[in-house]
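Presented below is the structure to which this report refers.
Note that the chains are named A, B and C in the order they appear, and that numbering of residues resets to 1 at the start of each chain.
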Amino acid sequence: MKAVILAGGSVAVPGDLVSDAAQAGDEIYRLIEELYPLCRSISGDGVRETFELVNRVVPVRRTEVPTGTEVFDWVVPREWNVREAWIDAPDGTRVVDLRDSCLHVLGYSTPIRARMPLSELREHLFVHPDDADLIPFRTSYYHENWGFCLARSTLDALPEGEYDVCIDSTLADGSITYAEAFLPGSSEEEILISTYSCHPSLANENVSGIAFLAVLGKYLSTMRLRYSYRFLWSPGSIGPISWLARNEQLLPSIRGGLVATCLGDRGHMTYKQSRRGDAEIDRAVAIALRDAGAEHEVRPFVPLGGDERQFCSPGINLAMGALSRTPADEFPEYHSSADNLELVRPDRLADSFAMYARVIDIVERNGRWRNTNPKGEPQLGKRGLYRNVGGGSSQEAALLWVLNLSDGDHDLLTIAERSNLEFTEIAGAADRLRECDLLVPA
Amino acid sequence: MKAVILAGGSVAVPGDLVSDAAQAGDEIYRLIEELYPLCRSISGDGVRETFELVNRVVPVRRTEVPTGTEVFDWVVPREWNVREAWIDAPDGTRVVDLRDSCLHVLGYSTPIRARMPLSELREHLFVHPDDADLIPFRTSYYHENWGFCLARSTLDALPEGEYDVCIDSTLADGSITYAEAFLPGSSEEEILISTYSCHPSLANENVSGIAFLAVLGKYLSTMRLRYSYRFLWSPGSIGPISWLARNEQLLPSIRGGLVATCLGDRGHMTYKQSRRGDAEIDRAVAIALRDAGAEHEVRPFVPLGGDERQFCSPGINLAMGALSRTPADEFPEYHSSADNLELVRPDRLADSFAMYARVIDIVERNGRWRNTNPKGEPQLGKRGLYRNVGGGSSQEAALLWVLNLSDGDHDLLTIAERSNLEFTEIAGAADRLRECDLLVPA
Amino acid sequence: MKAVILAGGSVAVPGDLVSDAAQAGDEIYRLIEELYPLCRSISGDGVRETFELVNRVVPVRRTEVPTGTEVFDWVVPREWNVREAWIDAPDGTRVVDLRDSCLHVLGYSTPIRARMPLSELREHLFVHPDDADLIPFRTSYYHENWGFCLARSTLDALPEGEYDVCIDSTLADGSITYAEAFLPGSSEEEILISTYSCHPSLANENVSGIAFLAVLGKYLSTMRLRYSYRFLWSPGSIGPISWLARNEQLLPSIRGGLVATCLGDRGHMTYKQSRRGDAEIDRAVAIALRDAGAEHEVRPFVPLGGDERQFCSPGINLAMGALSRTPADEFPEYHSSADNLELVRPDRLADSFAMYARVIDIVERNGRWRNTNPKGEPQLGKRGLYRNVGGGSSQEAALLWVLNLSDGDHDLLTIAERSNLEFTEIAGAADRLRECDLLVPA
């Protein structure tokens, strides 16, 4: 990354991070490797350990919300922790063991220590619906149960007989935990970037999001920024609901934001618009995707999916979309042991990082300006803004577009949309025009 | 049809009539068979007999508007009645006779009793422009004339010589007649469904419309409805103009409506939007057609066509579109003896009936609601609205869509449009959410 | 052209000029032939001679703006005149001579009289980048220089040795010159049609524009017009800037206008919208192009191109688009000796003339009317507006469209757009309806 203040006096902008993306992708991948084995759920010590690892990358503040706290229509559930979970076959062989994979235990399983025939045990065994070799990911947060997840091929090989079963878990009053990193900017207006921290060993969905936010926060923390940035890691659904309920006073200052998930898989970038659909963040992401020139998809808001459901509920209605690679539940490895460290790759994480850098750059640099010389074109030549008489490069076109539409009604994003020029060219033209006083704030 | 109050306490809605469509189609067809032979025009006793048959199905109130009455820019014309009309050939054979087909006499023919050579008679004989075997339908309401319509093949076979000609008609002061059926609902707001009653033996255009309204009215009359419904049968153009001129005080309470014609032919459903283009009725019909899943067409308003010209004149501007199968003058049998009882079929009438039932159901159930728990999603599980943790059926999607967009700005139609879910699913979700107080009227 | 007052009492309208287009095309071409050889620049006597020729066709008022005058952000440059310019080869042969082509001298060349080797001279010789046989057109208005333009084939044949070089020019205080023709109409609102007068022997770009305005002005000057028309010939960029700076008080009365250039080449008509995009002039041109039925193109405004950049600068923002055949710099002969009298053809000039006549006709006849009989349709038959009972010609459709949409909100252009009927049919229907008092001004 370039120094914040460059030699020429110009300030580094988030768009400069595009050139740091490969390095950032490697850092994110290494953090994913560390986070992957931890047994997370919507509460518990696995989450706290996770936040400690994140805290080494970017400083976070942890909040505990006690069991029983009312948060809007919900009540914070009991805290769950699991120490061991295994099944021993009639011959004493340990056929399922939490130590092999966090996925083996049904999330929020109540404790059990029993001996029972396979026929009875079967009702507590869950397999993947499609693939005999994969362990599925299953939970039962709001309906008490216990169980194990395992490969159908393992299950099919189990002989009849009596099995020893152990889940050493506690489901008791405690708290859920969320973490925030806050980067103050010049303005009190904030950009909120949120991800969910409740999934155990699922590398793309959503260990990638947890690690991505940490590294993005670290890089941004060295820049002088216009807006303040808040990164939020919290358990899915109950996490954003708790955070929103406790931070209602903050909401008016949230200019916009993104829900960041599934950032390392092989798919192209996918953006799901905010409920507003035409918020600045929606337009910024659309232009960032366009300017990057790679395959991508933009989808309208639907009230199904991830945590954007809470941020975009009608009484909250934040300008927050979801920017991911393949959305959760659309890649075949979703919610199974195949969502592992092979699925996420540093170069794809880097690509996602570069896209977030572009988006943040646009949000940081966007604005409405007023042409101080609005009658006729100003003479660019005498200000050294025309390299030659004639010509007509895209740089000169950018100058003319910015001058023509800077009447106070059009922001730079609109100018980038209308001109079909890259946002960085438009923003660069605006910088040059401000330097010679041809633009002032609108 | 289900009972109005169902066992479970839920009220029958017009959408339930979809399951009665086959039976209704048969009833409509039988009424068409009775109405088809009557000699109707824009006035006269054939119309009154027609309304008596309609009255046996659904009670109607008949209004007579006297000749000479000024109605907006028009004056009600004289009343026309015809008792017999025939041509006898030189050898005494009756070659044309009103008793064979109402179409044989030019509508509004003045009386004549004369003997004349074929050459002179020819000027009063009208044939079909394209098909030698069809009798055309012709009228001369506003220019006095007499004449006969016959097949070109009949005409070509006539020998030269002296013919006896008789039209025993009267064109004299009297009145035009229209009929209304009124079904009061909970609200004084009305839905107006109109058709024209002036055509003689033309089964699709528009005996089908006359019979359709009668049977639709009969079925709706047994339901407890939100809006009041008014069915209007009147002669084309002069009928709606007369009704509008005499009922101007009613117009503000007309929420919307449909002109119903040509409901039994082989074509798919066609909707011509109201002049407003985006009225609730326009959106309701579009969604009903979409949800039915069959081929159909939606066209913008044009000030050409049928009685919607009057309802959508600029000083009236009711939210009325025209919902038909093949629009008049676009099917080859139009205005000829081929528009007969073979052309209209019970199953097509049933299909049209089902579509009207869908539309009325949407209008009845549409509305704006307000989510009482707008911050974050409400917890559906504790209210028994989630069948399982996880899942994701369209029923659950409908609940989330309704909750998300019920901010007072979006009606259920909008939610059906945006979600691409069937209106009945959306309305059903709204019902369930109201039952547990998650929605209140906006 | 028809007489202004036709026999039947109806007034000739600009649309009638379509039938004069062939004759007008010939007149424009003959004027181009006279104007083509003159050596024009952004100032100087060649421009004044040009305006004298224009003045013979339509009376113009000439304005001189002195060197040094501040016009918005610009300062009027010195005046340039050139008397002779030539190069003599070592053997005394005159290898380049202004008398052969105005293009041979670099525009705004400073004077020089010198003897120098070919190697030194080369730095002042400009050739066409693509075609060895063409003389390019080059200028250096704002950077002092001298030079010659010649064919690369000529240059390649020059032997080494000492050359005599002469440019007998003056670059001195003086003025730039623009010309206006003003045709007063009933209204003080004006239509402004502008073209640039600064190019030497380039027949299409833009001698065609200079001549086109003269002949169009001549034809319009014989008509009784609703709006006033102002034709402006001025040097590119500095001309409109000067005119705008000196006529700011006029701008509020400019209803709209066109920049007219490149009107004789083989391409189809191309319209570049005004910055407003939906101004009456934009909609009028779109309908004129549609009604003409020939291939054409409509493009959104971009702040690159010709003098529309000044008229559409944000502080001016006139409703002015650019209506041309192939836009400058998109035809291969652009800015070279191939843009000559062969490139422009009378029939293409005639086609352009007819299109301008259509546009002006639409602007002149457009308006908002109010149907005096808005409830139901008025009875057209009793007013002789229906040729027969029945029927349904486009003339009758036009009557119904005008009646239906004349509620004060829709102008005739909108009705032409919505009905897909020709504007002349719509305007003709409005004329007939006004005659029988069915329309009054809105």
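By our rule, a residue touches a chain if its C-beta (ideal position, glycine included) is under 8 Å from a C-beta of that chain, and two chains touch if they have at least 3 such contacts.
From a predicted model like this one, the values you see are computed outputs, not experimental measurements.
At the interface between subunit B and subunit C, two copies of one sequence, fewer than half of the residue numbers in use are shared by both copies. Matching CA atoms, the turn from subunit A to subunit C amounts to 120°, rounded to the nearest 5. The distance from the centre of subunit B to the centre of subunit C, each centre being the mean of the chain's C-alpha atoms, comes to 55 Å. Counting partners per residue, subunit A has no residue that reaches two or more other chains.
Residue ranges on subunit C touching subunit A, taken from their complex, read 71-74, 139-143, 237, 240-241, 244-245, 248, 275, 300, 302-304, 309-310, 312-316. Contact residues on subunit C toward subunit B in their complex (touch as defined above): 371, 373-379, 381, 389, 392, 397, 400-401, 403-407, 419.
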